[in-house]
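Look for subunit A in each of the two complexes below; its partner is subunit B in the first and subunit C in the second.
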Partner chain A sequence: MIAGIDEKKLKRAFLDEVEEILEHLDQALLELEKQPDNTELLNEVFRFIHSLKSEAAMLGFTSLSGLAHKIEDVFDKLRNREMSITQVLMDTILSATDQLHEIISVIEKGGRDDDFNVAEIVNLLKSACGETITLEVSKEDVDEPVRKRIEFEKRHEFSCFEKEQLIEAGERKEEFYRLTCRIDDECPMKYARAYLLHNNLEKIVNVVKAIPSMDLEQESDENYATIVFYITASCDEKEIYKAVEIDQVQKAELLKLDLSEYMLPGRKDTEQNGRAGTAALSLKRVERNSIRVGTKKLDELWSLVGELIINKSQLSKIAKIINSLNINPAMSETVEAAVDKLDKITDGIQQAMMETRMVPISVIFNKLPRLVRDLSKKLGKNVKLTITGEETEIDRSIVEQLSEPITHIIRNSLDHGIEFSDVRVAKSKPSEGTITVSASQEGGNIILQISDDGSGFDLKKIEEKALEKGLITNGDTAYDKIVRFIFLPGFSTKDEVTDLSGRGVGMDVVATKIKDELHGDVSLNTDPDKGSTVTITLPLTLTILNAVIIRSRDHLYAIPVNKTEETVEVLNTEIRYDNGRAMYNYRDEEVPVIYLDSLLGKRVSRGEENYGVIIRHGSMKGCLFVDMLVEELDIVIKPIDDILNSKHLFSGISVLGDGSIVYILDTSSILERL
Partner chain B sequence: MEYRYVLFRVGEVRYAINLEYAVQIFRNQNILDVPRAPRYVEGVINVRGGVVPVINMRERFGLPREENEKKKRIVVIRIDDHLYGLLVDDVREIVEIKEETVDRNVTSVFGLRKNMIDGIAKLNNKLIIILSIKEVVNSKGEIKIAK
Partner chain C sequence: MAVRILLADDLSFMRMVQKEILSGRGYDVVGEASDGLEAVEKYRILSPDVVILDITMPNMNGLDAMKKILQIDSDAKIIICSALGQQRLIVEAIKSGVKDFIVKPFKPERMFSAIEKAVKG
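Let's look at the complex of A and B:
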């Protein structure tokens, strides 16, 4: 049987595959809702569901495959025009795919799919295609042999998907066979044999259809005594016979069939209905010129690259020292050239490695149409979503954290921004609102913009609220200043709290996440009745940090440059005490002095002069006193183990070129504890 | 059936961990201390560009420090993809222990809780405690070895 490690790998591959299928499926479904008559799309959805079902069955996820099977049934009926897409049906299907998502995430976390009760949704799906099911019940008055023949023909009939495979095989000039295998009556586990046959065949030919099917449905083991495979192959017949030469397989019979006979009706079908749909199908399977590599492997490789960079810079330092000694000019030149070359190569490797960390932002964007659809329905608003630049690539670790803020901004736009149709018409705007989401790369940054053509933020209200909270004085109403309040914690102007947003945790949460965790920036542009635009600027990667290296006693520490304002020299006489608390006047602002030594549990040594770094977090500032400012450097961030960071002083750790270890200070946490 | 173990000593007691955990053994490494870390964290070392926390096993087991602490050997182990260094008094050797000779149903020995002991074996008439090293490393509370 499958060994533990393989099972793990298998499961990972399965999850990767299924997540990809689900993503395509979601897109196709939303598209289908807009064009319910698009046959090509229907077929596409059917295929996605079908492969999902097969994948799940293969790994024995029966609840998952069972649910997929029911959805497949619905689409089978839709394809055959036995029923049509209604709003209710669409909602049912979408909630069924939601369940698929949930089951997958449970499996991903190591759970079992049978922890899930899919009965309810399965019943909904069943009732969705209810009447037709009763019609299909075989009539008792048909003679037994006739019934058997009908059943045989029905089972041997090719589905659209299978017909398509035949067409493709025809294009590849493959031969088409029917292979009948008989398994020994005495064999106790016929399914296992059949499965083995199927697997062996798949290695050398394309199995279009197996009867009975291999999908682990409720077929009894006896049904696998005789198994019929329809296959297309380009290899020799002998090889096919060899593939089925398995212990306890008694007889194998290979029959060549005429491909054109079988695929003709299918061909006609797609040609009739398919034309209109071809343009809509941008979702067609992407050409596979890529392979799957585990993210863990990439991370390992990445850490090796980090080491390489560190060692390279150490080598350059050594080379410089050697050259400065001026021992042998000719040799100095050779060393310099070699180091230069190494420099270029490592740069190249770093760049290439960096690219492997990059994923297209479509990973997030693809989820948005569904979000907008559901929310706008719920709110009773008419909204169109436009997405551009979804191919823009960004660091995997950033993408993972970006979903939440983007979702929040869009919710805001839908809830507060876009007006109801009648209001929009009264403002002589198109009755349908538009939300535009775009991504692009500018230099070392990724720019994301989310705009709507709604009512814009109510600046008057914000101003009133700011006045009320004493944040501004009368007359101090510069646009820039007012807009900035929107990102302040607890600042929300929506009078009525809704289910969606407006609970006082709004843009401020977005801003904190983006600024502090993703090292980015966020800004807002708003125009009354014209709409608003949120612009998010993000670094390309989180693994390399531009930092100020400082020294305190025997240790080196790093402070992220984007968390600092500037470095200052402070005389002791400039320190003022307020209730025993040291304060420093930095640009007309009293900021608390933080002694790094005491923070680190060491005795504070005080000189006449102090080096200070002004750090900030949101609106908080502090002046961090350090022993010495060393240099500004790009460093490679490594996560810090919990047992080293019980006081949450650090956000990471890094190793410099000479091998010395640097602790990266978590300035946000340091300021928050003041 | 027999497994291989790394044998080491902390105080008077011999311990073993399954060789599968072991990555490397160092001696005389430059250990950098970590500000505000728990006492049993001796510091960090740089292992192939990675920063590895070093756990002082004497401190971990509540034994008094010795003078030459920093010069002792470090057994680098891997637990769930994290590397840790174990600062031990002495690393003896790598031994094979027959599974039949291991008592896996140990309750508590020398004040080590049951979950930290993977078993007890006898080798050349000497008692060896096979540590459930993952529990020892991840345990937050104090461990006190009886003398």
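Let's look at the complex of A and C:
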């Protein structure tokens, strides 16, 4: 543990960085599978795993660092051409990295990594090495001094976390040193001795890095004969010397370094940087473009912004009232100008805050190649994955919940959509199947599409099922309607896997998640033997909604603007009845009229004239009758309690500037029950 | 004044050898303990300058005894004495504040210099 640093903060920084490393590692490994001879890639993987190991060791996560160390060994052998990549080895490495992921997620949840027994996978890695070790090349091929040099460079390289520490030390105006200690040759347990040195040092300085690392059993004891500490200190050099004045430590060499050169990315040669006895440090401030902020802090800030928006609209209302009183025209003008200004500022804050919530969707997409690789292999199918638009940004809280549905859809495509190569060839399709995942932003929405060129859904079977369940009557077999069944809760359950040839299983779960929790929409296009496309439409953010506020009877409701087509004035005479169903002719299309009263279980009473809001969901449309169109504005979504939402008509509530409550209508669910 | 030392080892032979070595050099072995509990008790009574604690002892091992002693006197100068293969325990002892450690079998000089450094530090 590093003295003087908050442990929690340390752990968070560690997890943030490790997750990033793992993500890069996963990508690099998959790439490596395609180009096993790419030396650069091998080195890259080695570096990732090496940083992971060192950082885990620093925080005392021994299982994690131990496993990483074993993987590092493998890659060390690989890059030194002592062995080569085989399928078995690759599979073993991938399951080892899976375990790394698992351990990390346990640590993230506050657990310890000791609970993990990594022995089994470590043995697998060892035996994988053993099996392929026959390919060993004579060691004389590698220039020994060059190897040592590379080894030195590698070990003395600072990780991002260590650089952060250096930057912080610079801010505290500390000096930066390299301390080299040599332990007696005949000293037993050199590691413990080195540890004692380390321990003594930490009492008075900040040890940024120790080489070899102080992680137990990482290195053989002899490696600790010479130990190098990179330290930052504010104390006198004499004190540092005194701290390492330990029995059996022969000599200590303290060298002052220029901190600024070490904080920059791509550090230069270590040896040249050490300038013994240089005068006071001339610290170049490194400009950092980003800092890590806890998501909890952002959420707090975000909720304050929500309150600010509510308050601002309250203030505008008050200003309007003041102005309408016409007491003092000059004052009215001033108030108006101030409110206008406030309006612009809050808009700016809202926009900026929204951007802090946005993350690229690549967070999810990057995991897909591995999924497709593993699954297609398991199924014995030949599948290619194409990804586009991974840079598209989306609200962090949406991304977190998207992984599961997307994975599910891809699983379905692979399992039931894409055919086996021979079947594909027989259908005169390319033997390799393709799954395409794309993301794009269209207005206030994010559109995600997952397509495959497989066999498509078996509509006939779905229709049979729907008929059997009494969901449709004979003859009512419009394509749209049938496809919709796939998303209906409980339509396809596990025991019907074979009935429905498995396809569509769990799609209802996907739909529920996207519609109910993410306020999005999902639709399906399927073409027999050509493939299917699942389209997911999502709002950019979950917390602020651009909505049309309407009044119906004495209540206010909000309708998400992205779910509306248009607002229209509707005369009673324009309503036509078809088999007792009220229909309205909207742009030459007959759309059903929806009365909120009847949805709420009240008697429908109609006035002379009404307004209609045309709402849509996929290809379904409806004309929602309202008494009055109030305004269009941004509202802050708050969750609604089930007690107030027994009919599941609402997706949330919001509070307006004047304190009045609006219910946010769940238009998708309303249209679906027609 | 001679440095006052408390020896703790469950093997009376080991204590005898150590006492011999230390006395020969002019150190004053003020007490001996055969287990951790006794070591803690004797520390309390004798307030020695340096304690040499074996790791493996019955009743209370050297590590726990060390922690107890440090609770009594956070400035206590403790040297842990261990056998090879107990590196992990030594690291734990260092974390808990031990000043130095010696590894059996050790040369007398090694013991002397450890004591001198501990007293000075």
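In the analysis below, the second predicted complex is superposed on the first by the 368 of 674 C-alpha atoms of A that agree within 3 Å, B and C clash if a C-alpha of one lies under 4 Å from a C-alpha of the other, contacts with A are read in each partner's own complex, and residues count from 1 in each chain.
The rule is simple: a residue touches a chain if its C-beta (ideal position, glycine included) is under 8 Å from a C-beta of that chain, and two chains touch if they have at least 3 such contacts.
Owing to the predicted nature of the structure, the values given are computational and were not obtained by experimental measurement.
Set side by side, subunit B and subunit C differ in how many residues of subunit A they touch, and the one touching more is B.
By the touch criterion defined above, A:Ile246 reaches subunit C but does not reach subunit B. By the touch criterion stated above, A:Pro560 is placed in contact with neither subunit B nor subunit C.
In the superposition on chain A, A:Gly454 contacts neither subunit B nor subunit C. Of the two partner chains placed around the shared chain by superposition, subunit C is the only one that A:Asn199 touches, whereas subunit B remains out of contact. Contact with subunit C, but none with subunit B, is seen for A:Met189 once the two complexes are overlaid on the shared chain.
Using the contact criterion defined above for the overlaid structures, shared-chain residue A:Gly66 touches neither subunit B nor subunit C, since it reaches no partner. Per the touch definition, subunit A reaches subunit C in the complex via residues 188-189, 191-192, 195-196, 199, 216, 221, 245-248.
If you check the complex, the residues on subunit A that touch subunit B are 296, 303-304, 306-307, 310-311, 554-555, 600-602, 638, 640-641, 643-647, 649, 653, 655, 659, 661, 663. Partner subunit A is touched in their complex by these residues of subunit B: 32, 34-38, 41, 44, 46, 48-51, 53, 55, 81-82, 84, 137. Of all the residues in subunit C, the ones that touch subunit A in their complex are 84, 87-88, 90-91, 94-95, 100-101, 103, 110, 113-114, 117, 121.
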